[in-house]
Each structure stands twice: as structure tokens, then as C-alpha cells.
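First subunit A sits with subunit B, and in the next complex the same chain sits with subunit C.
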Partner chain A sequence: MSLWDKLATLGGWLLALLWIAPLAYAVWTAFHPAAYETHFDLLAPLTLENFPAAWVQAPFARYFLNTVILVTVILAVQLVLGTFAAFAFARLRFPGKQVLFLLVLLQLMVMPDVLLVENYRTMRILGLTDSIMGIGLPYMASAFFIFLLRQTFLQVPTELDDAARIEGASLLTLIRRVYVPLAKPTYVAFGLISVSAHWNNYVWPLIITNSVSARPLTVGLSIFSASDSGVHWSVINAATLMTSGPLLVGFLLFQRAFVQSFMRAGIK
Partner chain B sequence: MRDVAQTPSHPPIPSAAPGISLRGLGKSFATHAAVREVSFEIPAGALTVLLGPSGCGKSTLLRLIAGFEAPTAGEIVMAGRSLGDLPPAQRDIAMVFQSYALFPHLTVAENITFGLSVRGTAKAEMAPRLARVAQMMGLETLLDRKPAQLSGGQQQRVALARAVISERPVCLMDEPLSNLDAKLRAEMRVEIRALQKRLGLTMVYVTHDQVEAMTMADRIVLMNAGRVEQEGTPQEIYAHPASTFAARFIGSPPMNLIPTDRLGLPGGAMAGLRPEDIHFAAAGAKVTVKSAEYLGADLLVTLDVSGSEAVLRQPARAGLPAGPDLFIGWAPEALRLFDAATGLALAPGATRFQANEAQANEGRA
Partner chain C sequence: MRRETIHAWLMLLPALVVLATFMHVPAVETIIASFWSTARGARPSHFVGLKNYERMIADPVFWQAMRNNLVYALVTVPLSMGLALVMALLVQGRVAGRAFLRMAFFTPTVLPLIAVANIWIFFYTPGFGLIDQIRGLFGLHAQNLLGTGSTALYAVAAVAVWKEAGFFMIFYLAALQTIPTTLIEAARLEGASRWQIFRRITLPMIMPTTLFISVNAVIDAVRLVDHIFQMTQGGPDNATNILFFYIYRVGFQFWDTAYAATLTVVMIVILSLLALGQVVLIDRRVHYK
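Up next, the complex of A and B:
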């Protein structure tokens, strides 16, 4: 092992420690009484009381429901719209195809934050402010997914396409029974990216929502932690663990596919 | 298909497989014309091979018949009606692709019944048809496998089964054997031919392999540069090639083409002689032996005929004649003559005298 390799490994460990530190702190405080928030003691008594305390202090159940509905609806619409758009861009001939595809690509180059104000205005016109639909709508046609899936569809051999057509498959059947099953890894990869991105999204939901009925977990959590009743780090961290828990578990389960999805997205 | 001959239950013979006529068919792409002015008949219930080198337009022609491409000129008539822009699925045509085009995510059974299921065939009807075809192709034990778990030959059988189960009377094949090794290819040639005869299919078979064409075809359509170079039975094309292209493309080794004056014939034309039609003789055209290739039964001798190369085929037992002065002779009726400039055959079966006359006529024209 050369010196360079050793340094790289050391750097990797340092970065990993730095990244895991907040999570480690959250775990530590969430399972100990408030007295140990800033006081590290290996023998400190463990407790589970922080979790019910957090759960009753804010409507987390509702926030959970909102977030689950949000990511599910976004993902479902993204998959459907993306599938049709990607198929059209990959395999159909129609006038203006190149220009339209360029416009889709252009969307990839715009920072989402630039659009916050404009999106808010649009949602207000549509009467969708402070609704789950309003949070999700701007993200439902994912340029990234259309691009990713188009690349995958382009790799489907045209002979398969021909074979299905001569057997009498309609366009819809062709997509459903040939293209979609063959692109399954891309669907899984994008699904993971989409769910984690929208589960964690904060700024846009913060702006567009102002009531419990629409607020997702991220916004709910931030409001909870900024309450005037004094800052209880152990309770806040218990809430944080609760809210990010499902995603953490999901990440551990799909770790491999998740990392691969970024590799895949990067290469293509 | 292992027991084609004995299988008592085979799919019903398609009711009166239709013939297909191509009339003045053309297909131009932005930069070039792939098929030009092609007209010929594909007889009903026979195996027609479209033969030619790569890029000659044979695959494009097949895609036109299948309906994947629309012709830019001419029409295709099947069973008395012009196919026009009828989509592929409605042409009553089955097709086997070069890469087999099996769906990798489906099992063998699902692949075979794909067409039936998208066309909404009842499950109760599908099962017996699948069983019948699977037995016919020897695929009974493989039905639950995925294509990736099959050998090339087995994949080929699945592709054939998918075409057969549709019970469509016309079957198009696009170089179906080119991905198989030589031994398997020879076996599958026989199987496909047997299948075609058994089911009375009108089959259009595209290949660049002249051996496949010769062994399987009822009729060969030889194509070159988007046009039909010659059509006929394998025997006709072998015995009377219409041009030097046909002469060199068919036969292995191909027909020898030697300027007539080097054989001591009246000059100005090309003489075509099959390797098996020339023999060593006591007198005739003087040759020197360049090399000899031993094939077991036969000996292929490469000769130099006053500067032209020619190949002679003779039984290996005969051995090479000794002596510095060697001559070749040939059966006069085996001699074919071609125009030196255009490469077209001169009056089929032309004698030396007729060739002379043809030359003279050409000169006058």
C-alpha cells in the first residue's frame, strides 16, 4: 500500500466520521435523558421516553401520512409520464422531436431553487397552495427520468420491437410488455432517487404549505424544533430519528441498488 | 421438430398458403436506393431464398414484405390484394429474426405464446397449441427457462416455434442461422426445410450463404446492388449463371472466369468453367500448377492459365499429373461465355461459333 493510498483511506475515514457525526449525536441524545444532551457519559442511563414525548408534541402521524402520499403520488406520476415521454423520444418519429427533447434537457440545467418564486405564483393561480398536490406538481415531469429512461429504451434491440409488432402488439402493449420490463433496473434506480429526494425536500414545501394538513415531515420537524417552549435536543433528535427512520431503513435495504443508481445515472 | 416425420399431431396446415408478387418495388433512403425496380414472384408453398452479399438490399426487401418499411415505389401483392401500408401484424406473416429476437424477460413458453396472448387468444386454446409446437420442436423440457439459459440452437428453435404457433401461412426468415456454428447450421438447414415442407409454408429466406441457398431453396433470387441479378432454381442458376457476378457468387469454389483467348478460343469474351468441368488432358490450354488443396474426397488444384488463375476439382485419388508440360481440357457443353465488358452471359449454352457471332454482332451494334 503506497503512502498515497494510505492517505486516501485516512481521508475517507475522516469524511465518513464527519458525515456520521450528526447521526451519531442524534442517536446518543435520543436514547438518553435531557441531562446528557451535552454531556457524554458511557454509563448514562438509556431511555425511550423521548420518542413518545416527541410524538405527542406535534402531529407527526399526519406529517408521515402527508410525506408518504407526497412521495407516492410524485413517483407514480413521474413513472407514467416519463415512460410515455421516454418511449416517444426513443422510438417514435414526430415533427419537432429534436427541439422538444432539447427543451427537456434544458430543464435539467436549471437549478430548481431559481424557480421557487415562479412556481409559487403558478400554484397560487391554480389554487394549489398549501396542498400536497401543490408540493408535488412542479416535480411530476422529471426531465432527469425522461432522459435516463430514453437512454435505456434506446438500448432495446429494434428486432425485439419488430418481433412484438409483427405478433400484433399495439403501441401500449409494446411499451407495457417489452420496454417496461426490460428497463426494470432503471425504474428501480430512479424510484430510489425520487423517493429519497422528495422525502428530504424542504425549502419548496416550507414555502408552499402553511397548515398541518399539507405539511410534510421535513417542514413539520423544523417547525417543531423551532418551537418557543425551549429547545429540548433529546426530544428533537428523537423526532428526527423517527422522521428519517423509514428512509434510513430503506437505504440499508436497497444500499446496493441505490449506489448503483447513482453510478448508472452518472455514466449515461 | 426432432420427429417431424413421425409426429402425428402437428399444427393444421395453413389454409392455402398464398404466393406473393413484388411489382416494380423500390426503396430509397435519404442517401441511397436500397432496392431498385425489383419484380418477381414468390410461389405459394415454396421456399424462396433471397441471396446476395451484404448491402445488396435483400434484408430491406424482406422488411418491405413484412411491412416494417414502406416502399417508395411499386407494390406487394399477396393472395390477390395489394398490401399497401397494411401494418405488419395484419399481413398474416410470421417472421424469424437474425438475433432470434426472444424477449429476455419472458420464459420460453411465454415467448412462444407472446403473439397469441397479445392477440387475446383464450388460455384454453393456447395450452394445447403450445404443447403441440413444443413437442414438435423438442422444447418440452425447456418451457420454463429464460432465453439466456438456452444454447444458440435451442434459442433458434424457440424463435421457430414462435413463428409456427401463429399458424400463419407465410414465414419470413432473416439470416436465421448466421449465429450458429457450422455443424448446428447444417442440422437446422435440414430441419427448417422439413418444417416448411411439412406445413406447406410460403417461406422467404434471406441469407448471404450460397450453400444455404443451394441446399434449401426451391427458388433462388440472387440480388446485387439493390437489383435482382438472376432468379431461378438452384440448378438453373448453378448451370447457367446470368452474369459473372452470379457465376462467382454461386458455387464453392466459384466458377472460373478466364479470358477466352487464354484458352485458345476466339478472344474478346470471358469463359466460365466450373472447377469440376475442367480436367487435366494431354493437350489443350497450357497450365502450371500453383497449389493443391486436399479435401479428402476431392483435390482442388489452383492453376495458372497464361496469367489467369483457375481452380480444378478432381477426385483426390487421381493425384496430380507429373511433368513440366500440363494441359487442361473441358466438356464443350459446360463452357459458359460472358461479355467481357458488361459481365452478362452470352446466349445460354453458346458454342464457340455462336460466341464468335455474338461478338461480331456486338461489334456491329
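Up next, the complex of A and C:
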């Protein structure tokens, strides 16, 4: 190992430790009694009490349920709508295709969360304020996914397509039996991106919800930690970890898939 | 009509309806609303021409939000991109424990920005937070970084850098892997130094990725404000008020929807210009290859 490699290793580890420190400190306080939250002591007693304490001080069970329903419904609808749209753009000929595709791609720059005021008005007209549907509906067609999947579908060999059609397969069968199986990596990649994006989304859910029955975890967490009721930091940190927990665990388990998904989506 | 056309329309219709309802129509409505007044009680909304825009130009808070947003972007974009490149080079190189480094750099990306804000508020707490405790070790007095006008914007920018650098690292990692090793070996045989290889081979080869990331980083600097809600509420005295947060405040705290629409038009214009820039850049990347 050259001197340069040794220096790089040292610098790399220092940066990595610095980078993980905020999270490590949050984990540390969450597992120790409140008395230790402002002074670090290696021998401080461990405790699990902060987690149940947070759990009962706010309706986190309901927030979890809301978030899980939200990300599941959004992803399911995105996948179905996106598959049909991507197939039409990739393999069907019809007038106005270019214009329509450009109109879809517009969403890449004017994301739904930018148009807060008008979308809020629309939801009021539809009677969907303060509902999980109201949070999710604007995101159910993803231009990013349609674009990504169209690129994948374009790479499916036309011979496969022709063969299936000659055997008399309908378009729906063709999509289900040929295109979807071949595009599996794209589905996985987008699935991870969509779930983490909507699990973490905050501004739009904050605006559109105002009761426990619809609030997702992010909004619930912000209300819980902003309350001036003298909640201990160790409890707030426990709640913070709890709400990000499933994503964190999922990420650590599927690190490779995660990183590759983001790469694949980024390269295009 | 041909059958294929009918099929195509049937397949596109659901997605198009959603997109039109929550993007195309509201975008046009936003532009129209910016020429009308906000309905107040018994006074219905009426056409006011450019009044909202005149008001915006005379509004010192608007200009402060724009200035803040510019500073915020100038801090977060180069810093997160520079760190991302360093991280990618470290993770790519022959460093022991690469898996740990990659995990350490990427994990903040997975966390909700609201959770990240919570973790960092605790850091910044005057007197008790970790930063002040470390300052205390060196005999420095406690400081309220989030509550002081001159430091608050940088304090929230640091949070964004922490969250974003690992995300951009992924794109750099992907780009570094596409550089042919033969190229670097050849340069080494010719006696090129590490710095020369980096400067003359690596940097030009990852240029398209750098452009791609920079546009995304700027968009995020305009769009990601969750932590500002949690950490400062735009304060103290508008020191951390940036454009998107100001839109929220005007639209949903002052309920001045017409003025919020006017500000949204500015935001749409900024995002469109960025997207246009991206198209031009990606176009050049195609010619480049």
C-alpha cells in the first residue's frame, strides 16, 4: 500500500465517521435515559424505554398505517398507469404521439408539489382534503416512471413482440407475458425510489391533512417534536428513528439493490 | 379511427387525466390567478392586471427570499457536489472498509428530511447541543446558530449538504465505472501523476454527469424546504425564508392565494429555465459522444 493509499484510507474513514456521527448520536440518545441526552458517557445505562414512551405520546400506530397505505396505493397505481402509458409510447403508432409525450415530460419540471395552491383548491372541490387519497392522487401518474419504462420497453426485441402477436396474443397478454417480465429491474428500481420519496414527502401532506386519521408519519413526527410539552430529546430521537426505521432497515438489507436502482434511474 | 389509435388512447387516458388534473390545468390556472385579486369575505375576486406583479417587485420579503435562495444554492450546490465527488473517488479507490464508507455516506439520503431536521436541531441547541458542547471543550461560549440572522441560513444549508452529498455520490460512482481502465493504465505507463490523471482523464470523462447532477442540485435547492419548516420557520426575521417556503407562507398562513399564485409563477419560470438548460446540456452530451 502506497503512502497515498494510506492517506486516502485515513481521510475516507474520518469523513465517513463525521458523516455518520449525527445519526450515530441520535441512535445513542434514543437508547439511553433522558439524563444522558446532553452529556455523552460510554458507560451510561442502556434503555429501551424511549420507544414505547414515544409510541404512546402520539398516535404513531395510526401514522404508520396511513403512510403504509399511502405509499402502497401510490406505487400500485403508478405502476399500472405507467405500464400502459409507457407501452403506448414505446410500441403503438398514433397521431399526436410526440406532442403527448412532451406534455407528459412537462411534469419532470413542474412537479405536483409546486402547484400547492391550485391543487389544494382542486382537492376541496373533489372533497378529498384531509384524506389519504387527497395526499396521493396528484402523484399517481409519474412522468419519470413513464419515461424510464418507455426506454426499457424500446429495448425489447421486436422479434419477441412479433412472435407473440403471430400466436394471436392480445395486447394485454403481450404486455403481461413479454414486456413486464423483461422490464423487471426497472420496476424494482422505480419501486424503491417511489416508496422512499413518498414515505419522506412532507409539504403537500402537511397542507392537505389536518387530522390524525389522514396524517402520514412525516407530518405526525413534525407535530410531535414541535409541541412544547417538554418532551425529552431522547424520546423525540426515538420517534425520529422509529419513523425512518423501516426505510433504514430496508436500505441496510437491500443496499446493493438500492444503490443500483438509484444509479440506473440516474443514468437513464 | 384505426384500432391501434383507439388502443393507444385507452392506454394513455388514465395517466393523462391525472397529469392534466394536477399539473397542466393547475399550472394554467396559477398563471390566470396571478392576474386576479384574492377573494376576501364579501368581496369576490376581480381582475387586477399586473397589480400582483407590481406588488411583488415592491415586496422586500420577496427579494430577501430570492437573495436567500441564491445564497442557499451557492452554498449547497458546489459543496454537496464537491463532497459527492470526493466520496465517490474514496469508495471507488483501494480503501479498506469501502462498504462501510459507502453506507456512511449514503444513509442520510434515505432518511426523511423532517427526521434529519430533528436530528440536527438537537445538534444546534444552544448550550446543550453537541456543537456547543464541543465548543465548550475549547472554552468557546455557547452560540445560537439557528437563532442568529447571520448564521441561520448556513446552518440549514449544512443540513441539506449532509442529506444530498451521498445521493449525488451514487451518480459519480456510476460515471467513474464507465471510464475504461485501459485509458488510466496507459496514462500511468506514460508516467502521468495521480493529479494529472484526475485532471486530464477523470474530470473530463465525468463532465456530462457533473452537468446532470448540477441541474438536479439546483432544482433541489429551490424545491426542498422541509427542514426549514421544522428548524426555523423561515426565521429569525426571514433570514432562512426561501422562495418555496414564502409561497407556502403567503398561500397557507396569510391565505393570500392570488399573491401565492404570482410567486408560484416565478418558481415555475425558474424551474422551466433549469429544465431547458438540462435539455440543452443533455443534447450536447449526445453530440459529445
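Here is the rule we use: the second predicted complex is superposed on the first by the 245 of 268 C-alpha atoms of A that agree within 3 Å, B and C clash if a C-alpha of one lies under 4 Å from a C-alpha of the other, contacts with A are read in each partner's own complex, and residues count from 1 in each chain.
Assume a contact is a pair of C-beta atoms (placed from the backbone, for glycine too) under 8 Å apart; a residue touches a chain by one contact, two chains touch by 3 or more.
Just so it is clear, the structure is predicted and the values come from calculations on it, not from any experiment.
When both complexes are superposed on subunit A, subunit B and subunit C sit side by side without a clash. In the superposition on chain A, contact of A:A163 is made with subunit B only, not with subunit C. Contacts of A:N66 after superposition on the shared chain: neither subunit B nor subunit C is touched.
Once the two complexes are laid over each other on the shared chain, residue contacts for A:L137 go to subunit C alone; subunit B is not touched.
Once the two complexes are overlaid on the shared chain, A:G82 sits against subunit C while remaining clear of subunit B. Across the overlaid complexes, the C-alpha centre of subunit A sees subunit B and subunit C at an angle of 100°, to the nearest 10.
Of the two partners subunit B and subunit C, it is C that touches the larger number of subunit A residues. Of all Cα pairs linking subunit B with subunit C in the superposition, the shortest spans 12 Å. Overlap of the subunit B and subunit C interfaces on subunit A comprises no residues.
The touching residues of subunit A, when paired with subunit C in their complex, are 1, 4-5, 8-9, 11-13, 15-17, 19-20, 22-23, 25-26, 29, 37-40, 80-82, 84-85, 87-89, 92-95, 97, 100, 103-104, 106-122, 137-138, 140-141, 143, 146, 171, 196, 199-200, 202-203, 206-207, 217-218, 221-222, 225-226, 233, 236-237, 240-241, 243-244, 247-248, 251-252, 255, 258-259, 262-263, 266-267. Of all residues in subunit A, only 157, 159-160, 162-170, 173, 177-178, 181-182, 184 touch subunit B in the complex they form.
Touching subunit A in their complex are the following residues of subunit B: 66-68, 87-89, 93-95, 97-99, 101, 103-105, 114-115, 118-119, 162, 166.
Of all residues in subunit C, those touching subunit A in their complex are 2, 4-5, 7-9, 11-12, 14-16, 18-19, 21-27, 29-30, 33, 86-87, 90-91, 93-97, 100-108, 110-115, 118-120, 122-123, 128-130, 133, 162, 166-167, 170-171, 173-174, 194, 212, 223, 225-226, 229-230, 244, 247-248, 251-252, 257, 260-261, 264, 267-268, 271-272, 274-275.
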